[in-house]
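Below are structures written as structure tokens.
In the two complexes that follow, subunit A is the common piece, with subunit B as its partner first and subunit C second.
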Partner chain A sequence: MGQAGLVAPEAEAAQIRLYLAQRRLTWPRLSLGLLALAAALVLGLAVGPANIPLSDTVRILLSHLPGVHLSDSMPAAWDDIIWQVRLPRVLTAGLVGATLAMSGVTYQGVFRNPLAEPYLIGVAAGAALGATIVIVSPLHYAFGGFSILPLAAFAGGLSAVAVTYAIARVGSSVPMVTLVLAGVAVSSLATSLTSLLMILETNRILTILSWTLGGFNLSSWDRLLWALPYILPAMAVILVFGRSLNVLQLDEDQAQQVGLEVERTRLLLLAASSLAAAAAVSISGIIGFVGLVVPHVTRMLWGPDHRQLLPMSMLLGATFLILADLLARELNQPSEVPVGIITAFCGAPFFLYLLRRSHRGVF
Partner chain B sequence: MGRWRVPLVLAAILAALMLMVACNDNGSEKQPAATQTTSGYPVSVTDAKGNRVTFDSAPQRIVVLSPGHVETLFAIGAGSSIVGVDQNTDYPPEAARLPKLSGFQPNLEAIAASRPDLVIMFYDPGDLQTSLSRLNIKSLLLATPKTVAGIFDQMEQLGQVTGHSREATDLRKRLEARIQAVTAKLGTVQQGPRVYHELDPGLFTACPGDFINDAYTILKAQNIAKSAGVPCQLSQEALIAANPQVIVLADEPAGVTVASVKARAGWASIAAVQNNAVYVVDADVFSRPGPRIVDAIEQLGKLLYPEKF
Partner chain C sequence: MTAPLLETSGLTVAYGERVALRDVSLTVRKGELVGMIGPNGAGKSTFIRAVTRVVQAQAGAIHLGGDSVQTLSRRELGRRAAVVPQTGALPELFSALEVVLMGRTPHLGLLQHESDADLLAARQAMEATGCWQLAYRRLGELSGGERQAVLLARALAQEAPLLLLDEPTAHLDIGHQAAALALVRLLCARGSHGALAVVHDLTLASQFCQRLVVLQAGRVVAEGPPAEVINAERVRQVYEAEAHVFAHPLTGLPVVVPDAGLDASGL
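Showing the complex of A and B:
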């Protein structure tokens, strides 16, 4: 699509009809993705700075299954580490990775722009502002017990998208270009307000920065379960309606001829992916790169048909972020490395390699 | 070159105006070298950037862009020379009433407007020092010390610069004697309790290279954070595995309480949580490199070794 300007529209349309004619989500590819995700999950659960033997990790996990009672004498801390810290952390990383990749594919598809990513129309900047307002306020948000930080970030993210949408709407339609421009402006505004609050309250800079950098160090079942009711329905909507992203790649008239209500479909997809991205950001902070690059990597590996691009990107995104987070807690233990640094440091060279190797130029 | 001429001329005029204003004010207000300066001038000190700064007399109008140095200057009797402080300064009470400037985003114009003859800062984001030197304002970059002894060294350095050497040396002796009194009570302790010192609910902590870490070393406690970096962030998993016997919370302003820490998922098995050894301390006393670091050490002695105090 990035090359769309270079290809005659008819040729592009023909190309896409060809994709539509084929079923692209093949079993070998799906099982490969599932296998990679399973391997990442196992690795993420098995390795950690606490150095708990794998056999004990397995026993701890088994002991939490209903009806299983193991009479082992293991340190109580191990059970806490595996069950309360590592498992929710790995699952959160996976969920956030899948969500960001899915939102990335959707945004790129809806905006027909290879540079689109889940934070394009204000989700991240709004979430950061929401979180920052709570951090600098005298409210007790601190982690431990019920925290309102994710709530505030979620509300901030959705508000920013709502403002962007309201500004971009012209009558009953929403021009995509206006939406992107409004999103950029709303994001800048929110970011500048965040910076202002940071400067006014220098004592809280550390907290604001660490939230903004993102990560899974504070993941917990509470936070994970909080985000699921938003992310799972959004995923369902996008997986069901995702096939229409293929049609949206045609120009508007053609898409309408195929029988698609272009405007409504776009907005539905945008709303669902923004909701999911806001929920993901609210529990993980702003993690860059995944939402932009995982969809491209998937495209380069397996082509642009959204019927496979969506699920395969989600599997790849989850796998990638689980592994990146594994490095985040392993590289400089017992300290953390911000996971965003790892996603960029490991992902960028691989992306560049694929970019160099790929002569198809398909976006 | 032509297109630079106008801005250059403007800049030159501006600079000249500023200098004139500065000179006029110096003439109308306090004259240096008239007051309490004792001996030892000229004094030369080298700051953290390696700049060698020479003082022919005691500075009379000091802007201090870090709360810790304000506390030090007041403690050695040089507080009356301070004419501007960082916005977070709130101790001692008389310092809190001084005009506020930003040490985090220093505004050159606002600093120059307070007509300082010395600006003290603990970090220099936008090369403030060069800008100040263009205005003929002396500056010292005194980076946050890595050790408690480093805080005392800076204290003596500030004593020399401000003409309060004797007070600074005396204060150092008194503070060191207080630390001595604390360590004497530890007696034969070789290895104290394992400690987690929280700077932020994001699990940021004091690592080697932080003077707070040095305070724990002086008290023979074992800081569970071992990797370098200031500040550094612990893995939650590594923290639980390290099983600290004492948890010290220096992030109460962020809303952290003893109860909220005990309620954290997965923390129930930590020794400090089980034995109710989770304590809240004053975030300012425990983060500012100044004389109150000894208050912190005395308080930590009691928290770490309740049976010995």
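Showing the complex of A and C:
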């Protein structure tokens, strides 16, 4: 910068501040993400086999505010369709999408590995095992009204992560490479047990498979509200650690030497993101691709600073999964396509396009 | 007299069975640039890792500014000692300015963004090390030497009185080697810093450091002003290498030339 001296110091300082601000979360960016999410929510609510006009959809929603009565003239079933079927489903898809994307960013950041995703250290395989055990056992039918399937999947996912962590632990530290390897081993073990149960109970294979492929056809307010207490606090914790995640991108020695409690920060971030991912998987099954690809897309669009990467990935992940679920519902009426197939089918080509377009490296 | 920036006594570090440092006692005070020399694997990098508590010492004491490192938080350690690493992964997508700003970590709260004061510290550090023109460039685009300048700037931005430099000149050409060490020596001479630099080039170390510490197989085998420490006999003992040591015609400081096995005729 040979002409640096020609720029007035205040002007230059302002320019630096502007540059750094643009690397972080900015209002245009955030508004864009919120707008996309809002549009996806409206689409997800408005489209379906029952042809409910958009204006009536809005009226039904408003009527659930205390003291508002706008839906009296409509068919009674419409209220149920919007309020009991579509809304919880759309919100669940959004929440799960945001959670998987956030966990993906966190795992990629903590492991400093572009291939990391929320299922890396056992959440998915453990959840599948937990769910399968319940499906093949008589428990599946018990428990008046509320299925214990999410509970079992949640417990399975968290147990697998706990076992992985315990195995990888050496004294007071947990080497990241060991953790990944232990995660692979624990996942294989859980997956082989799941397969064994499937072979032993062939008449349940379809149920197990459809749970594993993931979807939102069983979404309900109950399930959504059950998962929220795990997911929301985890989101809050992780969002606070955006700058720490940036520092973790230095190697372990450097991150400690610039003053970060590396071990403690990693443990907290992994615990929070695993908890959230396990809760998400427990209400939606194993939906792939979102946690791996959405973080990369966000990084390619807006850069590596986790203070924007986390919130923007959450918004994009939520938007993406709501739209993918919409396709899953509508493509093959009256039956549904598993949403995991949609996420991979739409996400992969777009990701490859971005990968080809980006000449500057992606991580 | 204030406490030394760094004081170790009887420091012993082992990786499993292998003892990397044995009974190392040394002191770095404000105003000093101490050079640490010794063959590969002598424990030089381990010393820096132990001082910053990245590895645990098996025995001995390490004090930074009078306090044992065991009692200091990471933040406080970061405020007292800054490291210029020899190698290490750097996030390729972050810009040089962002990486230098990471040096401000021990001065920032969890939710705090970098303030104008942090920006100023980063900018001054980058101007001092001559890498301000790289501020917006991504780390992935920088050469080895440029990265080293960025890492030195990050350590300066950390505003810790003790600088620990692990081969800060490894990827630099002769001009930048001299500039980097001259800068560190200047900071020490001004009295704001004290530094310990691992330097492989004995001639370079002799020109810039007031004092040299020689490590061999984890032990301190010699310590003192360059002219007293560096001679052909010591190079033979410590490095198992034949070398010629001359006195610099102007300063009298040692100049070390490896023996090429040639006689006066050039054969």
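The rule we apply is simple: the second predicted complex is superposed on the first by the 333 of 363 C-alpha atoms of A that agree within 3 Å, B and C clash if a C-alpha of one lies under 4 Å from a C-alpha of the other, contacts with A are read in each partner's own complex, and residues count from 1 in each chain.
In the analysis below, a contact is a pair of C-beta atoms (placed from the backbone, for glycine too) under 8 Å apart; a residue touches a chain by one contact, two chains touch by 3 or more.
Being a predicted model, the structure only gives us computed values, none of them experimental.
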Touching partner for A:Asp305 - first (subunit B), second (subunit C), both, neither: second
Touching A:Leu65, do we find subunit B (first), subunit C (second), both, or neither? neither
Pick one for A:Val170: touches subunit B only (first), subunit C only (second), both, or neither. neither
Scan A:Asn246 for contacts with subunit B and subunit C and give back first, second, both or neither. second
Looking at the overlay, what does A:Arg329 touch: subunit B (first), subunit C (second), both, or neither? first
In the complex, subunit C touches subunit A at residues 49, 52-54, 73-75, 77-79, 81-83, 85, 88-95, 97-99, 101-103, 105-106, 108, 110-111, 113-114, 116, 119, 123, 132-133, 135-136, 138, 140, 154, 158
Interface with subunit A, subunit B side, in the complex: residues 87-88, 102-105, 199-204, 207, 224-227, 229, 231-243, 251, 253-257, 259-270, 283
Quick one: which bits of subunit A touch subunit C in the complex? Just the residue numbers, please. 1, 4, 13, 16-17, 19-20, 23-24, 112, 240-241, 243-244, 246-247, 249-254, 256-261, 299, 303-305, 307, 360-361, 363
Counting only contacts in the complex, subunit A reaches subunit B at residues 48-51, 75-77, 79-81, 83-86, 88-89, 135, 139-145, 199, 202-207, 210-211, 217-218, 220-222, 329, 332-336
